[in-house]
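Just passing along the structure, written as structure tokens.
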Amino acid sequence: MPEAKLTAAELERLAIEDVPFAGGLGVKIVRVGAGHVVAKLAYQEDFVRPGGTIAGPVMMALADLVMWGAVMSLIGPVKLAVTTNFNINFLRRPSPGELTAVGKILKLGARLAIGEVSLFSGGEHGDLVAHVTSTYSVPPRAQD
Amino acid sequence: MPEAKLTAAELERLAIEDVPFAGGLGVKIVRVGAGHVVAKLAYQEDFVRPGGTIAGPVMMALADLVMWGAVMSLIGPVKLAVTTNFNINFLRRPSPGELTAVGKILKLGARLAIGEVSLFSGGEHGDLVAHVTSTYSVPPRAQD
Amino acid sequence: MPEAKLTAAELERLAIEDVPFAGGLGVKIVRVGAGHVVAKLAYQEDFVRPGGTIAGPVMMALADLVMWGAVMSLIGPVKLAVTTNFNINFLRRPSPGELTAVGKILKLGARLAIGEVSLFSGGEHGDLVAHVTSTYSVPPRAQD
Amino acid sequence: MPEAKLTAAELERLAIEDVPFAGGLGVKIVRVGAGHVVAKLAYQEDFVRPGGTIAGPVMMALADLVMWGAVMSLIGPVKLAVTTNFNINFLRRPSPGELTAVGKILKLGARLAIGEVSLFSGGEHGDLVAHVTSTYSVPPRAQD
């Protein structure tokens, strides 16, 4: 099992500095493994949408951040990795509370990284509220 | 050609009141037709991401708002319409400036509305930077 | 744990009778649980595509059949369930041999069923070659 | 306007020779432009699925073939271009008759080509029955 190429603290700092729109939401990185990231997002009032649930774009921002972190956990803090495709299915309306996102890389290739992110209402054993698959384009690497 | 069931001003107000996370970004609704919405989003510093471009979740929030408006342009301001699927392909890195989103409904059925949103850097004739398809679940309607 | 509402033999027969395009490929249903289907597809010469690998549409047909079976495992052999969205990411080129598909339902709602299918080269512990998420529209049910 | 790098007749022949699973369905290439392909598929009995409509995987196979042709219309008959993502929304049940597919490339980059395919029941002005977006990975090119 390889080691992750960045720590939870480093990812949390990079998120705030480099992607302030998502990083500024207050995402907490719970843990980072090689190709694996878990994060939490506390509820804020402006996340609401009709029905007393959480707006879809909040979940998208959280999932995209976790996917980005999962890519960097394998290739290091390479800032120019960019999302090329992001597909989300919304399964259940989350209650207005904490969200937990669990992301993992399914395949890291020479050019593309593909992964999935599961979003839960509450903790990791809460209800699955959304499921994401996403592809990142990764810069050429010297060696892998 | 049927008339839109809400105006640009109504959609802009609903966005701010009902979905503050996206509505609070400062989206301007340019025009609304039946099944058709055009909106603009001015650049803000915290939209940045590495490479001097605009973060993906900003584009997702804009596109989801436009799709929501396009659904309501056909069924009226029914607050409980919710996204069930959202798929975005990022085509080019937008420069850090205004984005324009053009959304249209491809099919309004009894249960689901499916549409697409094209995102341009600058105005409607700028570069296509992202393309979205999305499905909304719509509440049962009395008559259609 | 609820019981599946159809057996592997019933699903294999329905596939051949009702969806001959995919069912006629020779898909073997390995097992069916409630919301869970595993199937295998032996290689045939006309599945080839350049690079000595298996054509994408063969994998799509297999995955869609498995998803259809997983829906019916929960709601019974309701023929009018139809795919509304199907999203596939191709991860690795499979070698020209047997494929195994493992499908499970992530959420069964009143109107929609959402699931994922993982496709492996060889058996269930082979390389993950493609990953699918898919949504089915399900007819109204008397009771659930 | 650049010229297409292969003709309709060449694409039809390549489809039969190189991707026999889809090519063998009897797809007719109506026309090819640079980044643009139109094709037709006559109905066959084994395309049926419950409800008297056409099975989803038939539409997927047709759309993937058209997207492949649209990529090759820009880069030439490069056999190793492969689908990385394919997302289809089914909008209406087609009647059991001819399908027409209209594909166009939205962006051709150094590594990826992204396009969309619209599927109509009957001719190009028939009902839109399905909409596809798809990404191809394209081999490095000497010059563009």
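The chains carry the letters A, B, C and D, assigned in the order they are written, with residues numbered from 1 in each.
To be clear about the criterion, contacts are C-beta pairs under 8 Å (C-beta built on N, C-alpha and C of every residue); 3 or more make two chains touch, one makes a residue touch a chain.
Keep in mind that what you see is a predicted model, and the values were worked out from it rather than measured.
Chain centres here are C-alpha means, and the one lying farthest from subunit C is B. Compared on C-beta pairs in contact, A-B and A-D come out with A-B as the pair having more. In terms of their C-alpha centroids, the spacing between subunit A and subunit D amounts to 33 Å. We define each chain's centre as the mean of its Cα atoms; on that basis subunit A and subunit C are separated by 28 Å. If each chain is reduced to the centroid of its CA atoms, subunit A and subunit B end up 23 Å from each other.
For subunit D, the set of residues that touch two or more other chains comprises 84-85, 87, 89, 135. By the touch criterion given at the top, residues 85, 87, 89, 91-92, 106-107, 109, 114, 116, 128, 131, 133, 135 of subunit C touch subunit A in their complex.
The touching residues of subunit A, when paired with subunit D in their complex, are 84-85, 87, 111-112, 135, 137. Within the complex formed with subunit B, the subunit A residues making contact are 18-22, 24, 45-51, 55-58, 60-61, 64-65, 79-80, 82-90, 93.
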